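Pasting in a structure now, in structure tokens, and then I'll have a few things to ask.
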Amino acid sequence: MTVPIVDITHREDFSAAHRLHCDSLSAEENLALYGPCNTLHGHNYGVEVTLRGPVDPVTGMVINLVDLMRVMREEIFDACDHKFLNEDVPWLVGLVPTAEVLAIAFWDRVAARRSDLGDSEMTRVRVIESRNNFVDYHGPS
Amino acid sequence: MTVPIVDITHREDFSAAHRLHCDSLSAEENLALYGPCNTLHGHNYGVEVTLRGPVDPVTGMVINLVDLMRVMREEIFDACDHKFLNEDVPWLVGLVPTAEVLAIAFWDRVAARRSDLGDSEMTRVRVIESRNNFVDYHGPS
Amino acid sequence: MTVPIVDITHREDFSAAHRLHCDSLSAEENLALYGPCNTLHGHNYGVEVTLRGPVDPVTGMVINLVDLMRVMREEIFDACDHKFLNEDVPWLVGLVPTAEVLAIAFWDRVAARRSDLGDSEMTRVRVIESRNNFVDYHGPS
Amino acid sequence: MTVPIVDITHREDFSAAHRLHCDSLSAEENLALYGPCNTLHGHNYGVEVTLRGPVDPVTGMVINLVDLMRVMREEIFDACDHKFLNEDVPWLVGLVPTAEVLAIAFWDRVAARRSDLGDSEMTRVRVIESRNNFVDYHGPS
Amino acid sequence: MTVPIVDITHREDFSAAHRLHCDSLSAEENLALYGPCNTLHGHNYGVEVTLRGPVDPVTGMVINLVDLMRVMREEIFDACDHKFLNEDVPWLVGLVPTAEVLAIAFWDRVAARRSDLGDSEMTRVRVIESRNNFVDYHGPS
Amino acid sequence: MTVPIVDITHREDFSAAHRLHCDSLSAEENLALYGPCNTLHGHNYGVEVTLRGPVDPVTGMVINLVDLMRVMREEIFDACDHKFLNEDVPWLVGLVPTAEVLAIAFWDRVAARRSDLGDSEMTRVRVIESRNNFVDYHGPS
């Protein structure tokens, strides 16, 4: 009999400022491209990370949720909460901090902590920017 | 290095009346089939459309969210908000407006605007009918 | 020592169609007054009823929540769920079923069942029409 | 032309107590493994079951939602609501009631009622343990 | 018989950056006082405005919700959405944009449009800064 | 000119088990009185504490939210999260832990820390037991 595979998801929330602005474009191009998002503003972000793995037959867990929570807090929350994403987060500097770019960056941050996350594989990072908009990244193909 | 692929989702809400009733069935059959949904009633509907595509290395975006928002408002919100779905929406007349049928119809409406949505492909339409019920359509197979 | 006074609130949800239309006005006046709400549409309604009363020192309860739930289901849910409020609910016929009017009507329905609700007094009926709009009625002054 | 395939999801909520404790481990090992979850506590659980199937061209439905609702209430809600999952639910006794284990058990309970669920196949059971944590099970592979 | 009095509430959402910093204090004092909020960050804000008034016996309304919506969009949303509250909103410049200060400022903005809001009186402005924090202002005493 | 008075509310969430059972009643009476709540079960509780006070003209705050958060975590979260309320929380032992009784107990816990909460007065404790049920306590009269 095969061991069941389950996805486990944890969410963390943080509040940050950002501005969509691309240095290689002119002010006019930036405004045309990003519209109101070109102006400095901010969000309450939600971030969900999903890990997939076999359910340990003894513990009943894919992974200890405490471990995922700690990794997410250290890699995402501590770096981004109450920050200006364009300038205060070293690994975002020089990027345009769209939700898409954040999802990829968060994936990479958590992936670098793989050794703390047992046998599971990461299958999704969701970044929720507002109650009507979110993105999902499923990792490099 | 491959360009990352991300899913981006936008949600719009509208309020509408509907009634589940199939003209090819008798009144008794309709009542037996649809139960209380056979009576005229209504919902606050949520509609999510998900587009998948490569993240533009310059803009950091799969698509300009403003474009998706505009398409959804023109094709879905303007047609359905504060309407009686069975009678007021030309492209729903003659259909039984279940959440399943709405999801397929909304997919077709947005797909017809593909030229406004860049290189992305649509991967999901979710119709949320109430806080306990929703459907997902992933397109024709 | 005085007995503590606590407010207890229960929520029920129902889905219904309605139309804002006043028979004493012309079609043009109705449209000008109610705008898109003049057209048949619908909502997922949330209704909260709040009762205030002393906390029974033995049971720790203001009222048995089961009693409030039963009254709300019998008086509100059973009458309104999956209905067309303008025509299917006898005690709403002839009224314009705005959220304001519903709140007052629901208050009266629950108040008529006072004998089933112990020593508490009703202090508020909230009708939530959508995620951005709700009304509160605190009873006749 | 192929018949469209749609996923339909229904959610039920229940409130239960549980404790993560593995009989084959010592008290110290249990505490180290489960941390605060080793202590008796509880949750408002949300359970979503998703069925996938062709949309009936006559009825516009994958399945009658009433059938899914009834199966979920009989198999999940009636068994688990206002219960101590470790002791009161016969088919959970001897298991560690993590969200992962619950998702698998709920899958099996609903799958055993397949004959009540038409031609659809179950594709997902989601167990929402709190507003920041949930798991998904997609069935035996 | 008296005319029933009802409270009607509308909510608008906007996304903005802010920073809690008081010019009359030193950098150290600001940091000690505001902690992480002293750094530039942002939120998805929700704003609720509540109007109280008699229910018009003909229309069934306290006020036309469209009027309240328009006032809130013009006075709050248009001024604050996708803005840096400390610098981009003229009537906030020089203030510390805490939720408390925003609630008072929004009250004043809406109150100045009283002539567009019929016979109702404003009774509450709620500013929701995150899912765990909000403030209510009931007007000058 | 008078200083504006604002209410500020913070929410904390915890997960706990409880059972409604009154030692002075027989098993039959308990079952008749509390129904399914007489059985051991649990909830994800939300607790909101509201403080009212003048907005400091310099800081723009009624109180430093960090102080309220710390008091709520120390007095409520640390004591109740992942606990069995009937037995594990010393100041609840011997009480029937209904939402009403919890609200009163939480009020008393926070009130005892008044010296940490500046000039504000506490005006409300809300205990949210599930998505359809909550209670409010406004303090001893």
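Brief remarks follow.
First chain written, first letter: the chains are A, B, C, D, E and F, and each begins at residue 1.
Throughout what follows, a residue touches a chain if its C-beta (ideal position, glycine included) is under 8 Å from a C-beta of that chain, and two chains touch if they have at least 3 such contacts.
In this text, all values refer to a predicted model and were calculated from it rather than measured experimentally.
The chain with its Cα centroid farthest from the Cα centroid of chain F is B. With respect to chain C, maximal separation of chain centres occurs for A (centres as means of Cα atoms). In this assembly, the C-alpha centroid of chain E lies 27 Å from the C-alpha centroid of chain F. Centroid to centroid, with C-alpha atoms defining each point, chain D and chain F lie 30 Å apart.
Across the assembly, chain A contributes residues 131 that each touch 2 or more other chains. By the document's touch criterion, interfaces exist between A-B, A-D, A-E, B-C, B-D, C-E, C-F, D-F, E-F. Only residues 13, 15-18, 36-37, 39-44, 81-84, 88, 130-131 of chain A touch chain E when the two sit together in their complex. Taken together, the chain B residues at the contact with chain A in this complex read 2, 4-12, 50, 55, 58-62, 64-66. The residues of chain C lying in touch with chain E in their complex are 20, 22, 24-25, 33, 35, 95-101, 103-104, 131-138, 140-141.
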